[in-house]
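There are structures below to look over.
One chain, chain A, links the two complexes that follow: it is found with chain B in the first and with chain C in the second.
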Partner chain A sequence: MAETVSSDFEGDATSKPAFSLKNRLIGIARVSPTMAAGILIILAFGVMALFAEFLMPHDPVSAYHDRILQPPSAEHWFGTDGNGMDVFSRVIYGAKFGFGIAIPAVLLSIIIGVPVGLIAGYRGGLLDEVLMRFFDGLRVFPSIILALAVVAATGQSLLNVVLVLGFLDSPVFARVVRSEVLALRSSVFVESAKAAGNPTWRILFVHLLPNAVQGAMAQTAVRAAWAVRISATLAFLGVGIQAPTPEWGAMIRQGAEFMVTGQWWVALYPGIALILLVFGLNLFGDGLQDLTDPRRRAAK
Partner chain B sequence: MSFSRFLLRRTLMVIPLLLGVVFITFMLIRVGGLDPVGQLAGPTATQDEFDMIREELGLDKPLWQQFLIYTGNVLQGDLGESWLSNRPVLDDMLERAVISLELLVWGIGLGALIGIPVGLRAAFRPNGKFDQTTRVLSLLGFSIPTYWLGLVMIFVFFYLLDWAPPAIGRISLMIFPPETVTGSYLIDGLIAADWEAAWSATTHLILPVVCLAIISAAPIIKQTRAIALEVLSSETVRYARACGLPERTVRKLVFRNSAVPIITFVGTELTGLVGTMSLIEYVFAWGGLGQYGLNAIVRGDFTAVQGYVLALALFSVVVFLIVDIIVHLIEPRSELN
Partner chain C sequence: MTSPVLNVSNLVKRFPTGRSGVFVNAVNGVDLSIAPGETLGMVGESGSGKSTIGRAVLRLTEPTEGKITFDSRDITAIPERQMRPLRRDMQMVFQDPWSALNPRMRIGDLIAEPMKLHLDLSKSERENKTIDLANRVHLRPEFLRRHSADLSGGQLQRVCIARAIATNPKLIVLDEPTSSLDLSVRAEILDLLTEIREQTSAAMLFISHDLGTVKLISDRIVVLYLGSVVESARTEELFRNPAHPYSQSLLSAHLPADPNAKLSRHILKGEVPSPINLPSGCTFRTRCPVAKDFCEREVPKPHQIGTSGHEANCLRIPDGGNRITPSEVA
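Moving on to the complex of A and B:
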């Protein structure tokens, strides 16, 4: 399975052993143009986040008191907001929050979810039953509302947003890994590892993990999209991240009141940036899931 | 298995789930470092006053006792008092439930009306132009923040075009709401033959309902397509094709065989959409349960937050139950196992 994926990835590039981003992208674009588009969008936002300091024409939090709510112009491409801050610079800076929240949150979900899934799937029994019922219990709460309520209850800080998102999303990874472990648990290589006297942790992390982790990895991009979306929603409601932080959701919150008075640019641009990044992550994630799920590939 | 036995077994299965839900809701405000006592006492309270409030709320007892008391109260329908409105949380919520339900039902109804035919059509010609376009569009639908879409719609249809009424409430402030029968201004207006009220309620409904429909259509399209694709590759359909049945008959067959999983999915969607609905209510100042809950979260009214979260979870549990019953009734195969 792993081999078929990598040969798909490379396409014609197999004749050139040297790694080249351009060739890789062309290879991916042949298999799935939407996935390549997603990667390009993510890369563009990555550049924005890393080099924001060089790309911003203005300081994202310095207020020009004489230029409040100015429409887009040559000086302020996306106009200025209610405090007289440059919307364009703030939108660029916002990319830092998008990645800065999504990457650690997804990593945390993996760090919690993967071992839980490994152990639950391998051990089975009561532990597995209790864990799965607990995850089922969590599922009846709408994710946005649960995230909101927990962040509001545990204290509102950026760190808390990351912790809560990472924790609440860990069942996704636990479930995927668990179902793969269940299928592999009684396979020959696990039985022989056990017979050779390997300790349980070694069977779990050295023998099972590499074989069970692929499905979980396919989820990462879609879960990152979820984290970006939910963190922006929290900020829109003023929970966890407050204005005038140049975060997209918080900026939309600031711009909301001006939508009924006609100053559309304050809320419109951060929204478009948010949609593009989430869309890019979803396109990429959709492609990843297609590549790793043989049933979805067969349907094509 | 007879229907009544199925009903009994399925309903009994809900009990442990409900216990878990009450436990999670109970823990919700206890995991945090926040202290509801400080909030009630205010900044000038003395230590004695703090202790008094703590005792009054039962927070001085061990955690397991608190949990038993909380569960007992919930069973009696006592969800505590809201700190913002000074009224029982249950009363506050019951008043607003129908208002939200109206929005939710219209929204997901329209979403399903768009999503199911589009998903089916995409599945009939996988990887065709229509399929690829709708696939990208539905991924885009997954990516649009609900509240932003609502704001943009308000800007375009209220500010620019002046087609929609201002996004405050469910009926024009100039119009006297019709007599309450169902709680929905539109239906009540029609019942009372108060056309002006019914029309005003309709104009207020359109934007939030369309907004909710757009957001809910995306997952419905994706899921319907996947379900129909699976049915299309099933032996039933292959046999029908091999018999040379006309394409129209085959499509009918696919539709009938996809109906059960699609109903299951739309039902589950309904519960997931409650969060989206809350945000739409917040943007359109709808005044329903969703707005009440978000306000409680934002303002730190923890008794109300607890009640709201519990209510949403209960709603999910009930919807899952109803979906299972419907599926049991229309799925002939369920008789067998």
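Moving on to the complex of A and C:
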């Protein structure tokens, strides 16, 4: 497939200036300051996730038995938890779980949802009804309860959390792509592709997909925020990831016990990290949707 | 005589309206035949079913009734899987070149696509042929790397034509290929099509609402009214001797090139009837200046006129009353 999709006529007729992240960000900040803020937050957490080993002052899972539940200090910026582990190091390491779950989960949603949306939208009729009703059925359940049940039933592992989240969220991408395809399938260029002798898979993936995928791409950041939130919720409920793994949801669960006795730092800092990353992803996602939807752009 | 490249008999297409039992009668029993290499012009007003016929011939819309034979093969009901290899020999050029090309593909890839689908060529052979094709449609090769948004309407229609001739098809259906273009560009595209008609052996079905355009390019013309053929003749014969009252009024509305020519016009009164409720008998009778009582009851059959294959479907031909007396205009 890769061979047939590739262009025989690579290279741009007009030369583009070299990519500069700084200039890009300034450009985006002019159009949408909130989107630029979102990108900055995501980048900050991305750096944390990638370079955690260099940023952490302590090992996130080694316990100092003589320093249990110490308040924030020069040695332990965010204090220590009930096992005597450094909360600051654990919050930094937690970014790995945030991205490590959200990115593969969203990719899986796209891999399942986009082809289903393409086929359902293009074929229509009974196949469309069956596929979309099934996906609607998935959306009817509160996703957290469904995720809880499935992870509990399939076994407590990180991989299962990713698979369940990816599968549960695929209807979002299927819906967006399907609605685009419904609008495109009767357009002249699709008929022209059929008249030229294109087989159905080429009409779907070469002709419809590149024109229908924009709306789905705009959803990715918001769905990543959802995945971060739900995976943390699952860990908070003790499903999937268990303490003392330095995952934010699991850390908040552990810290919640100490809130009543006044050791607020154990739950607060992972909570702030979680809120910030979800907030950043949502800011970025909102900006993406504004950029790709001309009606939303015009309303601003 | 060689067998026709395309033969259509009794083609009927009804579109459902949403109300049960009520249909739009787009095409009502059309017979057509195109010889290899021949260019057949098809004229009619909007709503006369000409585009539907063009699309049905290529199985882009399913005919309700009738039989379509392409290259001595009945293609009326064969599945798309078997249809696909035949599409190498039947290509189409659409009316609106802006929407007929995938906006995300490069022009070069669009031109090369039919070859990629049907011909077994290496990448470099295909690239060379793509450049040849661009030259044949007078498109500068630097456009091959661009996208459709960077080209003008005339250039885009050249791309569509290059796509259509890429596999050396036996039949090209051109659905109003010039009507969405500016006048000067229209002339260039017509010149190009004439050139291609001389270079290739492809037969063409040229659909248009404009008699002048069809006259320039066609060997033979069929005139459609409300989904039926009313007259079919060789181009010169039709212009010299139109037999059907509808053709006569169409021709009188067509301005001759000579500014000093005397204009005799006959402008039709009334509206085209709804294709949902077709008039009984001859469908043209509601607007026909020479209609008689019996036109309401009888469905006209083709009458042979002369020996050149000229046929007209008018009930008044036998009594000679089919001629409209021209009203002269200064």
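Throughout what follows, the second predicted complex is superposed on the first by the 284 of 300 C-alpha atoms of A that agree within 3 Å, B and C clash if a C-alpha of one lies under 4 Å from a C-alpha of the other, contacts with A are read in each partner's own complex, and residues count from 1 in each chain.
In this text, a contact is a pair of C-beta atoms (placed from the backbone, for glycine too) under 8 Å apart; a residue touches a chain by one contact, two chains touch by 3 or more.
Being a predicted model, the structure only gives us computed values, none of them experimental.
J.: After superposition on the shared chain, which partner residues are touched by A:A196: those of chain B (first), chain C (second), both, or neither?
T.: Second partner only, chain C.
J.: State whether A:T233 touches chain B only (first), chain C only (second), both chains, or neither.
T.: First partner only.
J.: Regarding the shared-chain residue A:L274, is it in contact with chain B (first), chain C (second), both, or neither?
T.: Only chain B; A:L274 stays clear of chain C.
J.: Shared contact residues on chain A, chain B side and chain C side combined as an intersection?
T.: On chain A, no residue contacts both chain B in one structure and chain C in the other.
J.: Taking the touch rule as given, give the residues of chain A at its contact with chain B in the complex, in rising order.
T.: Interface residues on the chain A side: 34, 133-134, 136-146, 148-150, 152-155, 225, 229, 232-233, 236-239, 249, 252, 255-256, 259-262, 264, 267-268, 271, 274-275, 278-279, 282-283, 286, 299-300.
J.: Enumerate the contact residues on chain A facing chain C in the complex.
T.: 4, 7-9, 11-13, 187-189, 191-200, 202, 206-207, 210-211
J.: Chain A touches which residues of chain B in the complex?
T.: 16-17, 20-21, 23-24, 28-29, 31-34, 126-127, 135-136, 139-140, 142-145, 147-148, 151-152, 154-155, 158-159, 166-167, 226, 229, 233, 271-276, 278-279, 282-283, 293-294, 297-298, 300, 302, 305, 308-309, 312-313, 316-317, 320
J.: Give the list of chain C residues in touch with chain A in this complex.
T.: 58, 60, 80, 84-85, 87-88, 91-92, 94, 96, 99-109, 112-114, 116-118, 123, 126-127, 130, 142, 144-146, 150, 160, 163
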